[in-house]
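In what follows, chain A forms one complex with chain B and a second complex with chain C.
And then the complex of A and B:
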């Protein structure tokens, strides 16, 4: 019941965003680029939730074709990944997340099968970086404020959902990398930070 | 006997039935005969009326018997919604030009020779009492009123000529946008934006289009805010 009412709300949001785009017209990208970007990005998200996938793809395509900074395209990338996951196109979701991280200039993986060696390598790297720090030390790190890193972390979070469906090893690698980056760049508020430590290091103590 | 006919024509719903009986009374087809101390009616005329009128036309005809000023107030209120603020109706009426008010009226009303020179604010005082006494709308709180039934609101809306409805809704939206302060605009954002959008095709001023586009963005974000959290 709540879900139906939420979808109806997103339907009306879709209508408002569409009206805004019609009012500005194609020239809106020149006259009001920031408003136009929000109308498209938030419109794409509303279309995704209300199930208007064709319109969602059109809006995503239009934003991606604009000559604007990649950080401005973050919202549509998020929608694109969520939609790919919803359509069980997990590899598309992973590729999209990695593509965005790469455009941000952040280290990333290639979407190919992961072997145990990679996991062990990532694990050792993380273990070294952590040193003797305890979980409390990690939790008390200052909150991350660098938008570019936050976006990159969010991409790993989103990719981890699809990785879970594709391969367990991929999931472990992504989570380890996410944890490593979290420690390196400071605490980033987000769902992946509340993943129990035991999920990342099965049977291991963090100390 | 009349109840049987009402039932036959599916009119035996509380409010429409009362309004129908009132219209019979107004047209002297139903009267109380003091001599025999009973209600009497002209059954042939009642049957004729039932055959030609449905609930909507009964209500429209009833509203048409009011002065043009009262009709305008009802029309504006019907656009504002089932519940409306009388002060907002007053603001709208005060800001509509005589030419715009004229466009609100159908040729039928013009043919009836209904004219109205009374200032709109004083119309509202008498109109609201008049309409309340007839059960067409009722007071909910200090400034909040509501139509007695959704069919009454629909009938009031139908009084506006079909070809002028969208432009009139857009004009009301524009008036509200100009006159409401920021707090009032925020609490009526969806209504104002939806009204303005009705006439967006006819807005040629680029500045106004940009303002309305921004308002649409604000309304969309506000809807999203009710059901979701940020994208981070």
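And then the complex of A and C:
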């Protein structure tokens, strides 16, 4: 199974996984459910990467229809979200991610506009939680080991990709400043960290 | 039905706080990278740079392979150019492209390459 996923040989991988599923046959879910789950989950991912979307949907549908714990369906949920994002169906990606988080019993969001005051409040809350921690302090935090939280984090990670993609305001802001800074620095002979950036953005100086 | 882009900061803040509370894992790279983007956008460039450094340190930990290409994209394509010359991002973005191809993260690989080409075009356009 590992061999099938290595070296970005995802086209070959789909064949390996299909052969595995055929070997276990239609009763595979009864005889060896854990191997069948892996063959379907990894197979769906390989099909997604190699562009066999019909087969991918079949495999995802088969796993989701099984009477197994939701945590076992995590991998196919990830593939389903990534595929929705790739097909520019961002609302499907976000809804699927939030659905999985709620099935895990974790707090989630609704796909509704967020008030600016709520964003500012959450920003201040996050800044306070972060405190004066430096990069080294954060990197030395203990490793997350709770599988449920890890899955929930992954869902938020995937959802943020879809939100960022449709965020015209963010994109416009970033692109405009990207070009302003690039044009500004391109005319500077010295390193960027001695250039006062306040003339471009009236915020914090980088000097 | 549409997606609400205003969810992006809320999701990032939740990810950051969860990482600080429960510990770090691969998703923390996205959390602190996303937070860095937000900080830069509101003018906190040094803090944004610190978040980028956090991502680099997290990537040095084991089992972070799937995040490598994506994190290079976030740090080099969306954070570093705020405080450093653009040409410094060219080689890392190219490395992000190659890493993405190897790990199967084709989306990040493609965007890394796109950012690399865009940066080259911008830099070339200013050669006299």
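For this structure, a couple of remarks:
By our rule, the second predicted complex is superposed on the first by the 148 of 207 C-alpha atoms of A that agree within 3 Å, B and C clash if a C-alpha of one lies under 4 Å from a C-alpha of the other, contacts with A are read in each partner's own complex, and residues count from 1 in each chain.
Just so it is clear, a residue touches a chain if its C-beta (ideal position, glycine included) is under 8 Å from a C-beta of that chain, and two chains touch if they have at least 3 such contacts.
This one's a predicted model, so the numbers in the text were calculated from it and none came from an experiment.
When chain B and chain C are set side by side, the one touching more residues of chain A is C.
Of the two partner chains placed by the overlay, only chain C lies in contact with A:112; chain B stays clear of it. Touch criterion met: A:150 reaches chain B and chain C at once.
With both structures placed on the common chain, the touch criterion links A:28 to chain B but leaves chain C unconnected.
Applying the stated contact rule after C-alpha superposition, one finds that A:160 touches chain C and leaves chain B untouched. After overlaying the two complexes on the shared chain, residue contacts for A:10 are found with chain B and with chain C alike.
Within the superposed three-chain model, A:139 lies in touch with chain C and out of touch with chain B [touch as defined at top]. Using the contact criterion defined above for the overlaid structures, shared-chain residue A:125 touches chain C, although it does not reach chain B. Looking at chain A, you'll find residues 5, 10, 45, 49, 150, 154 touch chain B in one structure and chain C in the other. Those residues of chain C that touch chain A in the shared complex are 1-28, 30-32, 34-35, 37-38, 41-46, 50-51, 53-54, 56-58, 60-61, 78, 81-86, 101-104, 106-107, 119, 122-123, 126.
Those residues of chain B whose C-beta lies close enough to touch chain A in the complex are 190, 193, 197, 200, 203, 206, 209-210, 212-214, 216-217, 219-221, 223-224, 226-228, 231-232.
Within the complex formed with chain B, the residues of chain A that make contact are 5-6, 9-10, 12-14, 16-17, 19-24, 28, 31-32, 35, 38-39, 42-43, 45-46, 49, 74-75, 78, 150, 154, 189-190. Across the complex, chain A meets chain C through its residues 5, 7-8, 10, 45, 49, 82, 85-86, 90-91, 94, 109, 111-114, 116, 118-119, 122-123, 125-126, 129-130, 133-136, 138-139, 141-146, 149-150, 152-154, 156-157, 159-160, 162-164, 166-170, 173-174, 177-179, 181-183, 185-187, 191-193, 197, 201-204, 206.
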